[in-house]
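Heads up, there are several structures right after this.
The same chain A turns up in both complexes below, where it pairs with chain B and then with chain C.
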Partner chain A sequence: MADLSVSGSLRNRLALTLIGGAAVLAILLFFAVRNYAVQVAQQGQNDILQASVTSMLDAAVIRNNKVELDLPYSAFSMLATPADDQVFYAILQDGIHISGYDDLVFSAGVSGGNSIFETGKMRGVTIRKISASKTLIGANQRIEIQIVLAQTQDALSDTLDQISRNAAVLGIGFFALAAALSFWASSATIGQLGKLTSSVTRRGPQDLSPFSKPVPREMAPLVTSLNSLMGRLEQSLSQSEDFIVEAAHRVRTPLATVRSYAEATLQRVNKEENREAMRSMIKAIDESSRAAGQLLDHAMITFRADHLERQELDLVALAKELVLRLTPIADMKDLSLTLQGDSIVPYSGDFVLIQNAVRNLIDNAMKYSPAEGSIQVIVSAGPSPQITVCDRGPGFPNDEIETLTTRFQRGTNATNTIGSGLGLTIARDVAAAHGGKITLTNVQEGGACVTLSL
Partner chain B sequence: MRNFIALGLILMCNASWAQNWEDRQQFNATDATTTLRIISSTDTNLFAPLIEAFVAQNPDVAIEYLVTGTADIDTRFRKTPKAFDIAISSAMDLQLKLTNDGYALPLKGVSHPAWAQWRQSLFGFTSEPAAIVINRAAFKGLPIPQSRQELIEALRARPDVFRNRVGTYDVRQSGLGYLFATQDARAFETFWRLMEVMGGLDVRLYCCSGDMIDDLIDGKIAVAYNVLGSYAQARAESQNVIKIILPSDFPTTMMRTALVSRSSQEPQAAERFIQFLVGYQSNPIESTRLLPPLNATENGVERATIALEPALMTFLDTLKRNNFLYEWENALIQN
Partner chain C sequence: MKFLLVEDNQDLANAIVSRMEMSGHVIDHARKLEDATVFVATGEYDLILLDIMLPDGDGRAFLRQHRASDFDTPVIVLTARSQVSDRIGSLDLGADDYVTKPFDHAELEARCRAVLRRRAGNTTTAIEIGGIAFDPVAGNLVVQGQAVTLRNRELRLLELFLNAPGQIFSKNKLSDRLFSYDDDASENAIEVYIGRLRKHLQPSTLRITTLRGLGYRLDLDG
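This part shows the complex of A and B:
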C-alpha cells in the first residue's frame, strides 16, 4: 500500500477545473456586461448629440441671400448632464468657419443627410463628436451648412464606472457561488468513491463476496471489475485450500500404510545396514506425515479463522492435557516436558485452534531440543493470557527473528532438522485470529522461547 | 533684440494692467505672504465685508480686488488667465463659457449644491433677481405696475411722461444686461413688445446698474428695466424716492459666480477663498453680509434662477448674438 504512487487528486482536479471555468465565465460576464453597457451608454450619448445637431441644422435658413442660424436654446440644453459635460461646437458654411470653436475639425466624408460620429481629443479631454451637414437651396445658390458638435464623456465614464462596479460585484458573486457549487459538486462526486473505498476497507480479510450496493453508472465498470477480481480470487483460494487438504489426505493415508509395512519389515530384517535403512525410511515417513498434518492444520486454521468458535476455556487445562499427551513422545527422545505458571487462566477462544497452535509450538521445541533437554510450558494470565514454550535448543538466528513466522520459512540453522516450516505460521495465524500475536525470543543461557499472546 | 521685445511686452502689459480699472483695492497687504488677484464685476463696497472676514481668518492671504465690467472680465481673463487667480462676475453665460473652454480649475474640496455649481469649477454664490425700479414721483396717484405687461400698459398710457425717461442696459456693452435680455427674450413673449415700446419712448441705455440707479434717484429717468435688485436695494433702504418691483410674472434671477483660474499661481489659497465665499453666502445668519445670499426660494416660492448649463452658451454664439443684437437694435434704437 505504501508503494502506491499517488499523483494528484481527482477531487482537487475536478474542483480546480470547475473553479477555473467559473473564473473564466465570471471574467467573460464582467466584460460582456461592461461592453454592452459601453455600447448602450455610447448609443445614448450619440442619440442626444444627433438630436441636438439636427435641431441646430433645422434652424439654418437662407434669408436675403444670407445664411442665418438661430441656435435653438434647447440644442445645448439637452446636452446638460449630471457630470456637467463640456460642450463644443463649430458652424461652417461651405467649409469656412463662421461660428463656434474654430479648433473643432469638421469630419471629412460627411455628405448631405448623413452624420459621422468620432471619438477624439480636444483641449486635452476626450470628446465624442458628431459632424453633420445640410444643403440649403437659395434663389440661385446652394449653400452647405456644416455643424460639428462635441461633448466630453465625464457623465458617460461615471455611468460606466458605476456599471463596471456593479458588473464586478455580479461577476464576483457569480464566481463565489460557482466556486461553492464546484466544491460541493466535486465533494459529492468523490464522495461516491469514498463510500466504495470505506466499504472495501470495512470488509474482513476473508470477505470476498461481490459488492451489491448501487453505485453511479461511471463507477459500475470499476466495481464490476473489482467483483470479478474478487470472485476469481476467492475461487482460486478455495481451490488451492481444497487442493492442499485433498493432497494431504491422499498422502497421509498411504504413508501410514507404508509406515506400518516399514515397521513390520524392521522387525524382520537382521542385517544392521538394512535396519538402519529402514529406520531412516520410517523417520522420513514420519516427517512427511507430520508435514501433511501441519498442512491440514494450516488449512483448517485458515478456514476456522473466519468462523471462530469461541468458548470459555482454561488455558492451563488445555496445556496440561497437551503436556500429558505429548509426554510419552518426549520420553522417547529423553526430553523432560514440564508445565509451569498460574493455576488457572480462563480465556474465551477457539479450543481446537489454540490447542493446535500450542501443540505445534511444543512439537517444534521437541524437534529442536538436544537430547536430555528440558522443555517448559508456562501459562500466565498477565499482562494478557499467554502461553510460552521454551526449549534448550540452538535458538533463533537473530537476523531472522522477524521473518520466521512466514509460511514455509525455516531458520538457516535448521537445515539439519526435518520440518515443513509451518509450525510457527500456524501459531501466528491462531494468535492473529484471536487478536493476539506470537513473540520469538532467545534465552541468554541457550535456547529459545515462543510466546503465544492472546 | 529678443530681450527688448520681451521688455517691451512687459511694459505694455503693465501699461494695460494699470489702466481702466473701475476700482482697485488691496486688502491685508502688510502681513500677507500670498496675494490673490480677484477680477470682479461686483462693486468693492458690496464685497468688502466678505473679503475682510476672509482675511481676518486667513492673515497670510492678501487680496488685490480689481473691478471692471462683465464683458471686460471675459476679455481680460481670456487674454491673460495667468494674471488672475479668481474671476467673479454676474454674467453667468460668460463665466460658464470660460469654464467650458477650460479656463477654470476644478475644486474638489468645495461642496456646493449641484444646481449652484458647474463642473465643480464654477460656483454660484448669490441669487439676485432682475427688477423693475421706478421713481415713485412719476407714479404718484397711479397704480404701480407689477408685471411686464402692466409696465407696457403704463408706458403706453403716458408716453409724454416717459419719453426719454426710461432706462435699461445697453446689452452691447454689459454682459449682465445681455444675459438678462436674452433670458427674458427666451422666457417671456412680452419682452420684444416691451422693447418696442421702450424704443418708441427714446430709451436711455446704460452700461451699468449704478449709473441707472443714480439717474433714477435724480429723477432723470422714471423707470429702469432689468436693474440688478441688489444694487437698488442698497439705495432703497435709505431713500423713499425709488421702488423696486420684482415682476410678478417670474423675475429673472441670476447667480453671481466665481471660478478659480486654471493658471492660478495660488490654487490652494484660491480654493480656500471659494470655500469661504460659498460658506459665507450660504450661511442663513450672516449679519455683515451686503450681497444677497444664495437662495433657491424667495418666501417659499421657487425662483426662476437661470440654470448653470451649457445652454447658456447659446446666446454667445456669434450668429445668434448678431441676430439678437440686430433685433434688439431694431426694437430699441428707432431714430
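This part shows the complex of A and C:
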C-alpha cells in the first residue's frame, strides 16, 4: 500500500459535498425565515397605523363650517408598544398645516380614500409613516383633511432581532444535524467498501476463489472485475506450474534416452579414446540434465516464494525422509549418510521448498565428499530451527565463501565435479523466503558445513 | 530376479532392458498400461519399473489400481516430471521409490536393490558356491561359515562375478559398473576393490584371476 498514490478521500468528498449543501440550505433557510418575519412584522405595523389614521379621520367632522377634529384617545393607545416607540403626527387642511409636527411631510399623490406607506428618516430615527386623506363635505364647501402619522420602529427591530436570532439558531441546528447525517451516511456507504477490503485482506494467499457475498449494486462492477482478475491470476498461476512441469518432462525424456544409449554404447566400446569420448558425453548429459532440473527447481522456488504454502511440519521427519531416499545413492559411492540432532523440530514452512533446499545441500555434500567418507545431516531446534549438512570434502575456498551462494557461481576447486552452481542459490532463496539464511563454514579437521537456518 | 518394465519410450526401454539383463535380471517390457495389466495378471514379478506418462493413461492410475487389488509387488516409478512438485504424490499412492529421468543406471540399480532388500525381509535366496553363501538382495556374504561385511562396491563387484563365473571382465567394464561418471575414478581404483574382494574370498575356493591385458575372471579352484 505504501507505494500506492492516494488522491483524495471518497468519504471526505462525499461528506464535504453533503455538508456544503447543508450549509447553503441553512443560510437560505435563515434568510427566508427572516425575510418572511420582516414582512409579517411590517404588515402588523402598517395595519395598526392604518387603523389609527382611519379612526382619526373618522373623528373629523364639519361643524358650523369649521372642521372639528377631536383626536380619539384610542387612536394613540393602539400605537403603544413595549419599546415605547415615538409617534408623530401632522394634520393638514387643504394642504395647510394645522396641527402636529410641521416637519412631517405629507406625501403627494394621495387621493381620496387612499393611503400611502413610506419608510423614512425623521430627526435621526427610522420611521414608518402613513399619509391618508379624507374629504369632508359640508354646506357649500369641501374640505380636504390630510393626516400624516408616523411611528419609530424600535419594537419592530426588537422583534426582528429576536426572530433573526431564532432563525439563526434554527439554521445552525439544521446545519449541525445535516452535517452529522452526512458523516453517518458517507461512513455507512464507504463502510461497504471497507467490508470488501477486509474480506480481501483476510483471504489466505492460496484463496483465489471469486467473491460470492452480496454487495451493493454500485459495487457490483468492481467486484465483478476483481473476480475476473482473480480468475485470470489463478489460471496464469496454474499455467506457470503446468509449464514448469511440462518443460521438465520435455527436457528430461530425450536426455534420458541419449544417456541410456551412451551408457549402453560405452559397455560395448573397448577403444580407449572412444570410451573417453563416451564418458565425456555422459558427463555432459548429466551436467545439462542437472542444470535443467535445478533451473526448473529454481523457477518453481522463485514462483512459490511469493506465496509460501506454510504448513506445520517436523524438520527431523523431513530430513529423515530425504536421508532414506538418498541412502541408495550414498551407498553406491560407499558414503555413509547419517542423521543427527534433536528428535523433533517443529516448524511452520513450505514442505516442498525446504525439502528441495536440503536435498540440494545433501547432493552437494555427496558430490564433494571423498570416497568412503561420511556425511552428517544435523537438525536442531536452537537457536533457530536449522538443518546443517557437513561433509569431509575439500571445503570451501576461504576467499570465496561469501560469493558461493550467487547464481551459477561455483568454487574454483570444483572444476572436476558435475554441477550447475545453482544448489546453494536454491538453498539461499528458500531460506530467504522463510526469513532465514544459509551459512557456509569450513571444519578445522577438513570438510565443509552448510547451515540452513529458518 | 524378474522385473516388469512399463515404459513407452522404446529407446529408453531397450537401454534399461539391456542394462538389467547384464546384471542377470529377466525383464518383461510393456509399452502401455493395457499390456502391463495383462503381464501383471499372468506373470509374477519381483519388481515393477513404472513410467508415469503413458500413451493410454497415467501410470499413477495403474499404481493405485495395482495397490487396491492385493498385489504387493514393489514399484519404482520412473518420472520425468519436476522433482519439486511430483515426488510426494507417487510415494503417497504406494510407490516404493522413484527415479527422475534422466537417471544414472547405477542409481536405478541401487534403488532396485534397496527396495528389494526392504521388501525381502527374511525370505532370502542365497547363492552357494565354492564355500561361500551370498545373498545379493540382503547383501550378506558368508565365507566358510564366517559372516563377512562387504562395502557396497565390493558387493556389486562380487555380484557381477557371480552372475557370470568364468567370464572375463575388462577393467573398463568393471569401472563403468562401479563408479558413476562424476566420480572421476581412475581405472586403477578397480585394483583396490579387486584386492579387497580377494582378501574376503581367501578362505573359500573362489579365486579372482588376473588376465594381463584382458581383465579379471572368477574361477573355482579345484
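Heads up, the rule we're going with is that the second predicted complex is superposed on the first by the 278 of 454 C-alpha atoms of A that agree within 3 Å, B and C clash if a C-alpha of one lies under 4 Å from a C-alpha of the other, contacts with A are read in each partner's own complex, and residues count from 1 in each chain.
Here is the rule we use: contacts are C-beta pairs under 8 Å (C-beta built on N, C-alpha and C of every residue); 3 or more make two chains touch, one makes a residue touch a chain.
Keep in mind the model is a prediction, meaning the values are calculated, not measured.
**Student:** After the superposition on A, what does A:86 contact: first (chain B), second (chain C), both or neither?
**Tutor:** Only chain B is touched by A:86; chain C is not.
**Student:** Looking at the overlay, what does A:439 touch: chain B (first), chain C (second), both, or neither?
**Tutor:** neither
**Student:** Among the partners chain B and chain C, which is in contact with a greater number of residues of chain A?
**Tutor:** C
**Student:** If we overlay the two complexes on their shared chain A, which of chain B and chain C does A:50 touch? Say first, second, both or neither.
**Tutor:** Neither chain B nor chain C is touched by A:50.
**Student:** Just which bits of chain A does chain B share with chain C as contact spots?
**Tutor:** Of chain A, no residue contacts chain B in one complex and chain C in the other.
**Student:** In the complex of these two chains, what residues of chain A are touching chain B?
**Tutor:** Per the touch definition, chain A meets chain B at residues 68-77, 79-80, 82-88, 91, 98-100, 123-125.
**Student:** Where on chain B does chain A make contact in their complex?
**Tutor:** It is residues 100-102, 114, 118-120, 186, 307-314, 317-320, 323 of chain B that touch chain A.
**Student:** Looking at the complex, which residues from chain A come into contact with chain C?
**Tutor:** Against chain C, chain A makes touches at 241, 244-245, 248-249, 252-253, 255-261, 263-264, 266-267, 270, 275, 279, 282-283, 285-286, 289, 293, 296-297, 300-301, 325, 327-329, 331-334, 351-353, 356, 359, 367, 371-372, 416-418.
**Student:** Please give the residue numbers of chain C that touch chain A in the complex, ascending.
**Tutor:** Touching chain A: residues 9, 11-12, 14-16, 18-19, 22, 53, 80-86, 88, 97, 100-107, 110-111, 113-114, 151-153, 170, 172-173, 176, 180-185, 189 of chain C.
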